[in-house]
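To keep things simple, chains are lettered A, B and C as they appear, and every chain counts its residues starting from 1.
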Amino acid sequence: MKSYRKELWFEVPGRCGFVNITGQVEQCLTESEVREGLVLVNAMHITASVFINDNESGLHQDYEKWLEELAPHEPVSQYRHNRTGEDNADAHLKRQIMGREVVVAITQSQLDFGPWEQIFYGEFDGRRRKRVPNYRRMIFHNSFDFHASYDIVDQPGI
Amino acid sequence: MKSYRKELWFEVPGRCGFVNITGQVEQCLTESEVREGLVLVNAMHITASVFINDNESGLHQDYEKWLEELAPHEPVSQYRHNRTGEDNADAHLKRQIMGREVVVAITQSQLDFGPWEQIFYGEFDGRRRKRVPNYRRMIFHNSFDFHASYDIVDQPGI
Amino acid sequence: MKSYRKELWFEVPGRCGFVNITGQVEQCLTESEVREGLVLVNAMHITASVFINDNESGLHQDYEKWLEELAPHEPVSQYRHNRTGEDNADAHLKRQIMGREVVVAITQSQLDFGPWEQIFYGEFDGRRRKRVPNYRRMIFHNSFDFHASYDIVDQPGI
């Protein structure tokens, strides 16, 4: 049994942005030499998300518009949190909709994904000019098992 | 230590529907012979959810109505994603509210649940006439440990 | 490899409330003697959440106001679930926004957290006068691994 941990760092130039990190997570998986197990991928910042959905830019624009409707950035004065001097209360709300983390099964050294699943880092408070450098961290963590068993039903199609 | 994986398949006749899969997950757990550990249950499609809540049909109707208010299907032209030829952008949004996966503790060969917890497969883009067959996959994955310790505080009631 | 389980109990006097449970989870971690692994922390009630965000009271007020807008408690007659005699349908909806559970990496016997991450128990149907006693349960569950490897990239800052 092994445990493997890696931090990934991102810089999102706009306030909101989605980064496809599937390739980086797969690279971590290769480095870890894990064959069977679970991987946890989570944002380490509380105004960002890690989530699984479609790698389609139109959908990402839909997400951004929709989240802005559900938790508008402006007026910043509508949020008590912003009385602390921040202007990112909306980002804390958006992150709850999109989630903090994903847990993915690893099967035969691969992410055990459906046909369209991709992992994204979602940033809702990028462009952190207040802090230099403005990198944002994400963690990759997994564990594995030597003795796997499979009981895959006859697959009628996808 | 063992790892066990099984795919379950569903067909939801309407666009939206909730299927109680608790019994199927318990069956997987029995087959896996896992006594202590974690189970990951996730949708493999990005317009579907696996979530834990109440097995009450009125509540499921409330969920359907509420999700339709938060992310309406019509007009389909309001979503950029639908310019790809799809009409399911709303389903990608609804899935984020309800979540992709659940992780459940296994204790003494049982799902370690509170009194009302049940696992549901939530479909937001069923009736996929475009694809035949229109089955939807879900994955069950777990691992376990021989040496468990418990520190259950005196339970004052539920 | 070890598995450790503990139940924590809470009583929230109002209908909605957020309890910072980070210290209690850290105490569980110490008791478990886990050095590397994953911890699952989940609510066992379906009108409550466990989530990770900021320990800032203004933000918690923002969450409460925002959730009330997205899923209003009144009028209770708007929800079919409430025809069962309950008045808590809105709490079942709010819980889906905030989530049921968190999975956190354990690294060198610590919760592997970013700089602001704290764990909260979120209650959306407290003040359960209908049931005595009105304690609410949460579960802590983890597992660990002796052989950890780290590949932490040079950290350019937080």
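Operating definition for what follows: a residue touches a chain if its C-beta (ideal position, glycine included) is under 8 Å from a C-beta of that chain, and two chains touch if they have at least 3 such contacts.
Computed from a predicted model, the values in this text were never measured in an experiment.
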Classification of the chain A:chain B interface as same or different, half of numbers criterion: different
Cα superposition of chain A on its sequence copy chain C - rotation in ° rounded to nearest 5: 120
Chain A and chain B: spacing of chain centres that average the CA atoms, whole Å: 19
Multi-partner residues of chain B (each touching 2 or more other chains): 1, 38, 70, 97, 99, 103, 143
Of chain A, residues touching chain C in the complex: 1-9, 31-32, 38, 40, 42-46, 70-71, 79-84, 89, 92-93, 95-97, 99-101, 103, 131-133, 135, 137, 139, 141, 143
Residues on chain A engaged by chain B in the complex (per definition of touch): 1, 36-38, 51-54, 56, 58-59, 61-63, 66, 70, 97-99, 102-105, 107, 112-117, 143-153, 155-158
